[in-house]
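Beneath this line is the structure, given in structure tokens, with notes to follow.
Note that the chains take the letters A, B and C in the order they are written out, and that residue 1 is the start of every chain.
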């Protein structure tokens, strides 16, 4: 395959970063964080969304999509397992928040670890039996798991069935930062902090043993197993970490939306998140961030073509995938898996 | 709990088999493509949906049937039914070829990652369903009744209805023809060759593009036939029916062993029966949960589905 | 090279699509005062037909109003598309809550989307008049879903409809054996509960079976098997007309002669059209449509809007008219509009008196019974 070096933003970014000295790096990072943090004040600019409120859109879908895509990227991008049921962990987090938040006196920050723990437990319980499966079989089993979670919630009375749960409490104030209904900038900053934490976690893991194990599994699972990588263990780890991020996103979402119902957790969400990962550049953190931002933002930005906006969304997916199949910001070449023709993986 | 199952066992079984055969044909759409490309043809559900509209347009707009007109009889009945079937197959077949051309070909030529292809296929299925939604203003469309649903006879307390019988036998026939095609024809052999080893097939002079287009076409034809039977039995369609059908048929294909034509057959029938029995015993709200639990259990013990992928001789 | 050009063209055209903001239409005519109201409901996605029907009725009301009051007011409509989905409503509502130009909202159409939007509208003091959100908890001050003080509705709630449907379905049937099933949606499950409650009060009626069928189902054979086993003489479905049409065909084809009845989700003239002869003698409760109010009104509607009126058009018209009359009385701030609606005492186009209770319900909310005769749902009068 010929390597074409066109419009390579990733390499440009990577080389700038590598050539920079430590103070410059800190400066770049700080400036970027401040600029992104100022986004909620940009509501009056060309970025504004016509009907949806801009600061709300920044939290959900954009921020949440970025967070969940990063979580899913650990599973799909880093260790190469196709997961079509990611929404299940999001739902588990959200329902933990909703039920505990409305029945006990716990606040969002106290429920957060519980929600994450539940999501991780679900990840382990699902992972142990199913992660032995490969490729598309894993895809359909995870897809099934996502649907099972939704249907159990829909058919049960403890979750109030299809009615959903209303009056979920907002998070308590963080010092001077007040959570407001009408201006969701603080929510956005919290999501941003969670995103940065996730990015930091992924970057640390990637350069250490788990990251190398995932890489080996993704490239060739049999070879990895042969070389002594305990593949199942690392696959479960990757799955569980992904679940933790999904669960955390769910807790915050429930606490932001104040109302959740089973119809919010359909397969479409899983597919959309997967689309974000692949669209931006599977395996590459910054690609995923860009992809999720665009796909989260686009449908609300183009509301003026209201009826046809999903059509445009579909077209964008097809066009971008056809012209940039590795995503907008692809991962480095050496990290790409060797394409094994005819192999079932 | 089991009273319904015992009381209505044969009615349920007949309904399950008819539904199962529709699943079989749609599963073929997934399994054929998977066999050759090792990819889920995510857009197959929308290909099915377009097929159902092809069926309705034929009876309603070409033959002028309305909701109130009397069902057809005699030679006219055969004429209308066959044109509906052919139209549905043609629409679905062409849509499938279009999907291959737009969403798969370029990516395949580049030999890129499978996920990009998956997302591209998801994109095209959104496009297909949105176009139909805009064309029908999101409204459901009913089909005029062409085939009178006469109760032919009663066996063990179950009604044997004409449309069910037609569906079962005609679908079985179409399945049989497709299987023969893949097994015996020159093109079928080429398809199997590509599915076993793409490079070797290419070396042996197989025209890869033509084989893949044909695979999509054949899968589309099967799916289109399913659209026709679906309309004949249920007489209803909407732009979003593809999703549910696609999930079911894909599950059926995986249950049987995806990529394996015979697997689609048994998987489809198994799923059709499982759905009706589970709904009768546990309540319809638990149908999907049961299906997925069974799927997970099957895959745990038979990781390649009930019939496996390894059946190279029958593999598409 | 060629590829590069192609690629950049693709990027440019995509960018043009995304950022090509339609130029805002500004009118030079400053004389009439421009005021804005909104409609919220599903305008895209799977439920779009309901929202489109309702919004058309609102547009019709505004069209008449603007024509009549050309000199003084120019009312603009903002379309809020929540897709009937609470997740979407949660992102749309904050902007609407903040946009003080919007004086009042007709909608939200769906109860789930209403609950998700409520916190923002309560905070913004924005008055809501829903034509079709029937969930009981929305006007129950003890419930976490309670929509007061901003939420109002011009449609009867489920606990009025459930018993009415139970009565109407079993009318003239002695010792009715009733099978009740729903479509698993947040609209249908509670309504099915109220139907069962209503059946307990109908002499001789017993519930012999229940089911809950996902609203994407087209194969109803297991449900029909249950109906046959239970020996039901009456089948009540709470769900929507499209599924009801598929079901009733299959029920009749299976040879069953049980009476079929449905709630206002089934009440749509599309139901007999979709189901054909199988729908004959089906019993449906609902609130009459525009044509039921006056044929002349329906004709004018069709002339003005280019399409026939659809579901909840009477309720949507009523809701829009309440807001429009408020504008005419000079209530052009949110607080004034809210007070106007709370104190409103006027007539519906059906002739009933609209006056909201403290929790936002109308006082009448009587449901009419409809029976399919020759392919049309015919009003047989209010169910008593």
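Heads up, the rule we're going with is that contacts are C-beta pairs under 8 Å (C-beta built on N, C-alpha and C of every residue); 3 or more make two chains touch, one makes a residue touch a chain.
The shown structure was predicted, so the numbers you read here are calculated from the model rather than taken from an experiment.
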| item | value |
| --- | --- |
| Chain contact topology (line, ring, star, complete or other) | complete |
| Contact-richer chain pair [A-B vs B-C] | A-B |
| Distance between chain centroids, defined by C-alpha means - subunit B, subunit C (Å) | 35 |
| Between subunit B and subunit A, distance of the C-alpha-averaged centres to the nearest whole Å | 33 |
| Numbers and ranges of subunit A residues touching at least 2 other chains | 154-155, 307, 310, 316 |
| For subunit C, residues contacting two or more additional chains | 44-45, 48, 184, 212 |
| Multi-chain contact sites of subunit B, meaning residues that touch two or more partners | 285, 288 |
| Complex contact set, residues of subunit B against subunit A | 34, 38, 40, 102-103, 106-107, 110-113, 115-120, 122-127, 130-131, 134, 197-199, 247, 250-251, 254, 258, 285-286, 288-289, 291-293, 295-296, 299-300, 303-305, 309 |
| Subunit B contact footprint on subunit C (complex, rising order) | 44-49, 52, 184, 211-214, 216-219, 221-226, 228-229, 242, 245-246, 249-250, 253-255, 270, 273-277, 375 |
| Complex contacts: residues of subunit A adjacent to subunit B | 1, 76, 82, 129-130, 132-137, 139-141, 143-145, 147-148, 151-152, 154-155, 267, 271, 274-275, 278-279, 282, 307-308, 310-311, 313-318, 321-322, 325-327, 336-337, 339, 341-344 |
| Subunit C-touching residues of subunit B, taken from the complex the two chains share | 3-4, 7-8, 11-12, 15-16, 19, 67-68, 133, 137-140, 142, 144-145, 149, 151, 159, 161, 230, 234-236, 238, 240-241, 243-244, 275-276, 279-280, 283-285, 287-288 |
| Contacting residues of subunit C [partner subunit A, same complex] | 4, 6-7, 10, 14, 17-19, 21-22, 43-45, 48, 78-81, 85-87, 90-98, 112, 115-116, 118-120, 123-124, 135, 137, 143-145, 184-186, 189-190, 212 |
